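Dropping the structure in here first, questions after.
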Amino acid sequence: MHIGKVVGNVVSTKKEETLTGFKLMIVELINHKNEGIHKELVAVDLVGAGRGEYVLVATGSSARVASGQKDAPIDATIVGIVDTFE
Amino acid sequence: MHIGKVVGNVVSTKKEETLTGFKLMIVELINHKNEGIHKELVAVDLVGAGRGEYVLVATGSSARVASGQKDAPIDATIVGIVDTFE
Amino acid sequence: MHIGKVVGNVVSTKKEETLTGFKLMIVELINHKNEGIHKELVAVDLVGAGRGEYVLVATGSSARVASGQKDAPIDATIVGIVDTFE
Amino acid sequence: MHIGKVVGNVVSTKKEETLTGFKLMIVELINHKNEGIHKELVAVDLVGAGRGEYVLVATGSSARVASGQKDAPIDATIVGIVDTFE
Amino acid sequence: MHIGKVVGNVVSTKKEETLTGFKLMIVELINHKNEGIHKELVAVDLVGAGRGEYVLVATGSSARVASGQKDAPIDATIVGIVDTFE
């Protein structure tokens, strides 16, 4: 998994049906020194994260599995809101 | 997932049968500041995207699952046309 | 797999249920000359690793499989404590 | 998927049985401006590609699925010969 | 897959049970000009490779499948000893 910070969201009306109802958040990945690592991704939010919050992101097939939608094209999910990382 | 911009397409007559009928679009990945990140990929288009449009791309096994063709060699799919990202 | 060094941990109260009970460790990946490679990840600890220890990390679906939680959003696990690497 | 150019091949007598009979081609990945992106991989050829040809490459579990050998250690396959990309 | 050179091995007494009995080799990935590409990984050896030998490495779920241990946290395997690459 990775630590990241929510920096925005994506609105997409014309999309795969199985993505309907999911919030699509833009997450900038960071390291444990809270430094950006020049990587960002769009993740489905499973825990109600908001802009500016630090989150835990899972990627790959594990992300799809967590979404509960085994046929959805989900390769990244927000699976936790981070209290602390040190 | 990633945000990207459709910049072209690939024509391949001699290819795996299970790819027949799919449009193969070249997508340049961008970040949420609309900056290129020096990554591009070829994605199967599932939502009717056109050149110059901003799209949402899924990769890995989640891309294959979304295509509905579980035996097709698809590792990237366009799964949404992006209205806004901010 | 990769060799890494445990440099911290993540605390996340509000998270996917299937992650409950797992320790979330921050691992800096290194090469066999013990040099950092500017990559880190958050891994579920399966072998009782502690801060400062050298560990073996598996990623992707293999990480989820090892956790025994096939529905958990786990894409990285600590699967061994490294005695030596040379 | 990615566009690439076949630049060589690998000969390996002592290998996993399930790889027997497959041609192992070295493919340099390129972008849509026909520029190298400093990435290459070894892909199983499923469409009879030759040295110097432009090809479409799939990676990950989708590559294995396309090979028809679900137990083979195949993570990249050539799945099309590219006529044009623009 | 990738071409690589075996440069060492990892000893890990305290590890996931399913990894028991497997040799863990450190492989530096190279390109077809025999140049390092600043990537290395730890791979389970399935073909009896030795230090200094050139090998073919598979990664991801395909690596686990090849190991025959579908529950093992294996994301990279040595699947061939390379005779020539050109």
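To keep things simple, chains are lettered A, B, C, D and E as they appear, and every chain counts its residues starting from 1.
By definition in this document, contacts are C-beta pairs under 8 Å (C-beta built on N, C-alpha and C of every residue); 3 or more make two chains touch, one makes a residue touch a chain.
Chain identities (UniProt): A, B, C, D, E = EutN/CcmL family microcompartment protein.
Remember, it's a predicted structure, so these values are computed and weren't measured experimentally.
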{"item": "Contact distance in steps, from chain B to chain C", "value": "2"}
{"item": "Centre distance in Å when chain B and chain D are each reduced to the mean of their C-alpha atoms", "value": "19"}
{"item": "Whole-Å separation of chain centres (CA-atom averages), chain A against chain E", "value": "31"}
{"item": "Junction residues of chain E - those touching two or more other chains", "value": "60-61, 63"}
{"item": "Chain contact topology (line, ring, star, complete or other)", "value": "ring"}
{"item": "Ordered ring members, chain A first, chain C second", "value": "A, C, E, D, B"}
{"item": "Residues of chain D defined as touching chain B within the complex", "value": "1-3, 31-32, 37, 46-48, 56, 58-63, 65-66, 77, 79-86"}
{"item": "Residues on chain B engaged by chain D in the complex (per definition of touch)", "value": "7-16, 18-19, 24, 26, 38, 40-43, 60-61, 63-64, 70-76"}
